[in-house]
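Next come two complexes, and both contain subunit A; in the first it sits with subunit B, in the second with subunit C.
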Partner chain A sequence: MAAPLSVEVEFGGGAELLFDGVKKHQVTLPGQEEPWDIRNLLVWIKKNLLKERPELFIQGDSVRPGILVLINDADWELLGELDYQLQDQDSVLFISTLHGG
Partner chain B sequence: MCQVGEDYAEPPSWKSPLAPRPRLGQKCVKCKESDPVVVIRAGDAFCRDCFKAFYIHKFRAMLGKNRLIFPGEKVLLAWSGGPSSSSMVWQVVEGLSQHSAKRLRFVPGVVYVDEGAACGQSLEDRAKTLAEVKQVLHTVGFPWHVVSLEEVLGLPPSVLRYCPREPAGTEGTYKAAVDNFLQQQHALETQGAEDSCGPAWGQEEQCWPQSQDPHEPLSPAGFPPAAQTEALCRLFESVRTLTAKEELLQTLRSHLILHVARAHGYSKVMTGDSCTRLAIKLMTNLALGRGAFLAWDTGFSDERHGDVVVVRPMRDHTLKEVAFYNRLFAVPSVFTPAVDTKAPEKASIHRLMEAFVLRLQVQFPSTVSTVYRTSEKLVKAPREGCAGGPEGPRCLLCLCTLDIDTADSATAFGAQTSTFSQMPPSALQAESGMPAAPCHTVGPGCCWKACGREDDRQTQVIQQLCYSCRANMKDLPSMDPLPPYILAEAQLRSQRAWVMQEIQEYLIEDSGDEAETTQS
Partner chain C sequence: MATREEVLALQAEVARREEELGSLKQRLAAALLAEQEPERLVPVSPLPAKAALSRDEILRYSRQLVLPELGVHGQLRLATASVLIVGCGGLGCPLAQYLAAAGVGRLGLVDYDVVEMSNLARQVLHGEALAGQAKVFSAAASLRRLNSAVECVPYAQALTPATALDLVRRYDVVADCSDNVPTRYLVNDACVLAGRPLVSASALRFEGQITVYHYEGGPCYRCIFPQPPPAETVTNCADGGVLGVVTGVLGCLQALEVLKIAAGLGPSYSGSLLLFDALRGRFRCIQLRSRRPDCAACGERPSVTDLQDYEALCGCSATDKCRSLQLLSPEERVSVTDYKRLLDSGTPHLLLDVRPQVEVDICRLPHALHIPLKHLERRDTESLKLLGEAIQKEKQGAHEGVALPIYVICKLGNDSQKAVRILQSLTAAQELDSSTFQDVVGGLMAWATKIDGTFPQY
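Here is the complex of A and B:
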């Protein structure tokens, strides 16, 4: 049983428009059986933070191509992408590089 | 491209047959010491410092290699507030502030176009954006021009004309210009040391308006008159498809930037198109029927205007690199919603192509670079036998030389184009077997001189467009809301063609060459 985690989720480059224009979200992820990874986080974001048009942010079980993910200001490709296990106080940033956000 | 894995002599530890994935805990490929923060190209991990050096070098190399921008030349940076152009402006800020030998030596200015009206933004939102924009511009410290898109309504028709530039610079003249500039600067610096004044360009900067452009509209809130905003909104609302809307916005924006550049004596305009954006643009433009102009639309330099050359120094940087650089080094940018913000993926050709290229890129990481390298290889020389050349007919909207294939009249469009662009409707009527134009009708009672009529206006504009612009204009139900300068220039050009036709019979034609010149 993983303990609840407090992480900072941030959106930029226009992605924040799908989240009521709010860029920074300090969120607490509830404790659950399996450890929190980015894959679970995306499901959680879709359920709890995303306000509209989920297809513009999430495709399949990952983010839409053109949206970059930074974990603690480092490329998620260095950290295992969807399989990265979140730690307490991590910051996850999603930057849209798509035209018009 | 295919040697990436071999070059860096890393054992093929990855098992995935797809993109090589960096291993956890690896070091920067450059310095082999620091922890990497970003993966660029296929699997190369860079640390923060090496990434910065790599990024800056790429920008300088792009300018250095092309040798297009002469020292002391006035260069207008087209800044939209978005990530790529913001990064470009900051590269120039950094390049000019350094006192190294590799310092950039041109004289920059920044232009920002407020497109709020076209994107349906409220005045409050526009004011908020503008405040942010001006704050960034103050930090940058270059002379700046903030113009609103409404100003296209007041542009002179001459914007649409080609202005030949002074003799083109060659390798030799570039070197001479650099030497000359260095000498001048040296002289000024020694003189400046005596007078205890700053370096040359610092002095010059003081003479420039630091605040608003004289072309800035005069309304108290800093916004153009409401009637103009309304007119522009009407124009954009009347466009039936998002694709055409996007194209129209690009066209009007480029005319406005060209006008600002000419009015203030800038001979180069820099835009922030990144390599990802250019790859998408190349595919989009192919789909839009702009294949003939790909070299101009996506190449490093674009000389279609003659006197003002558009250059794209960010064309080697991917959007990922840009986004990471801006984030890691806190480059200020201003996010403004565009016409296609929140639009579904299939809303326009632009959107669809973007999604297509980026999705392909996920599976095949060389997609963008492959498409982009293609754009580098395109040649600008007009096709042989086409009515090209600097004086040839140009598209009224995109200002490209009309690539009319006079020899190949086998295609329907070839027949249509050559008939329409070279003959005024009066001649068309006389012709019995006239092909039916798909996008307009020339009424039987059409009188060429009565230019106020809707049909004629439509004809005048349409017949002076390239294939792609014609297709776009089909989505515009009426030409009336178009800015006056476009309609005026269309009328002028067709009247000129008509006069040419009228006096044709009085001209002595003795050779085929002459007939050709009168036609163009």
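Here is the complex of A and C:
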């Protein structure tokens, strides 16, 4: 049984507009049988934080192309992507890339 | 005897006319070139190596020459460096300005677009006098005034798969200051194929991002973004808005990275991404993944061996112009001319403006009911009540049993189509009184150009 986790979830680059414009969310993930990984976190975000148009954020079981996922300020690819197991006090940042100039 | 004011006024007038003459000469040169061979690129020979700085150059660059990290050695490298600037907008203007001021030898300027009044709040090399002229000529004229020793090569054309590789090969460093996804993939692939470092920045609203791609084994754009984003998730500056200072900050940071690469100091953001949040006043640097061995462009067995059709790859056009959505059938839409005729005839109807509040504050048609599209998408109870009441009120003036026509309007005629679909589904579900819905093609901007010339455009 994994204990509840306190995690900072942050959105930027316009991704926050799908979350009522709120960039920073301090969330508590409830204790559950399986350990919390990014895959479950995305499901949890979709159910609990996402306010509108999930297709602009989620595609399949991952994020849509054009959104960078950073765990503690590092590209999630360096940490195992969807399989990264969240630790208490982790910070997860979802950044939509900008194209304007 | 002439007064001091007269002297100053005459000096200003001479400067103004010189500037005008310079710009006329440039336009003539470009017109002559275009006449000869429309698709030909301006030929440039390699910049000659430079052994020493002149007395004037020493004075001009003295403040940066005394920096031990740069010094005479670095300045000589800058003088023989060439930089290709893709896009002369909000990023390209400050970037080009600082590179010219710092004494970079040659600047290639690429942009197909012309100067518009809505550019001037952020594209600081352009002025009112050159509205309607090609941005590259306007930028080149400003840069020449700033530093006549810098060679500016204007390319008044879009960067295309046919021209990009040849162009990129003629320059040492490339700066991506473009405003759309297809161009970002095109510039990246051209830089990988030509082996050039790419300094890439972007900005929207109050945020900016900058990084350096394909520098000494670092990742390229495709390593980070193997797949383009769905077209409907991309917001341009016209729709999302952008503050000029934000593009200014990012353009300056881009100039800094270009200068460091050109002077041999090396960049700071290869393999990392700097995020700037202007509202919170925060910079944050994040570590990106390393080069992807299976990258389609820079990987070990690349599939991109030639430039492709990037508009097809990304599903959108290589401009930042607003897209026009085709959601409704022609019968579900009216032109601004037809709507004006209906309005003048006094036919009972309801005009529904679905733009966000911030845009309604800019300008509005006084008789329109305002309910933002977001509220309709959310099926907001309060908004639906307001709409229901307005329909009831209008119906009192209409014939018994006749469905009240409702016309939906927005800025350009995209959101209004989405709103019509939502309203139709609400009526079908009997959440709304029976009515007919049509949207106004081209929205309020068509109203401004075709019906009322005093209506603001934004």
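Rule of thumb we're sticking to: the second predicted complex is superposed on the first by the 97 of 101 C-alpha atoms of A that agree within 3 Å, B and C clash if a C-alpha of one lies under 4 Å from a C-alpha of the other, contacts with A are read in each partner's own complex, and residues count from 1 in each chain.
We adopt the following convention: a residue touches a chain if its C-beta (ideal position, glycine included) is under 8 Å from a C-beta of that chain, and two chains touch if they have at least 3 such contacts.
Model, not experiment: these values are computed from the prediction.
If you put the two complexes together on subunit A, you find that subunit B and subunit C bump into each other. In the superposition on chain A, A:Gly80 makes contact with subunit B only, not with subunit C. After overlaying the two complexes on the shared chain, residue contacts for A:Pro65 are found with subunit B and with subunit C alike.
Superposing the two complexes on chain A places one of the subunit B stretches 205-213, 367-375 or 511-519 into subunit C: stretch 367-375. Once the two complexes are overlaid on chain A, the subunit A residues touched by subunit B in the first and by subunit C in the second are 12-14, 52, 55-56, 65-66, 68, 70, 73-75, 77-78, 93, 95, 97-101.
Residues 12-14, 52, 55-56, 64-68, 70, 73-75, 77-78, 93, 95-101 of subunit A are the ones touching subunit C in the complex. Per the touch definition, subunit B reaches subunit A in the complex via residues 21-22, 24, 26, 35-39, 45, 83, 276-277, 280, 319-320, 322-324, 327-328, 335, 337-345, 350-351, 354-355, 358-359, 361-362.
The part of subunit A that touches subunit B in the complex is made up of residues 12-14, 17-18, 52-53, 55-56, 65-66, 68, 70, 73-75, 77-80, 93, 95, 97-101. On the subunit C side of its complex with subunit A, the touching residues are 87, 89-92, 177-181, 184, 201-205, 207-209, 224-230, 232-237, 240, 242, 247, 273, 275, 277, 284-289, 320, 377-378.
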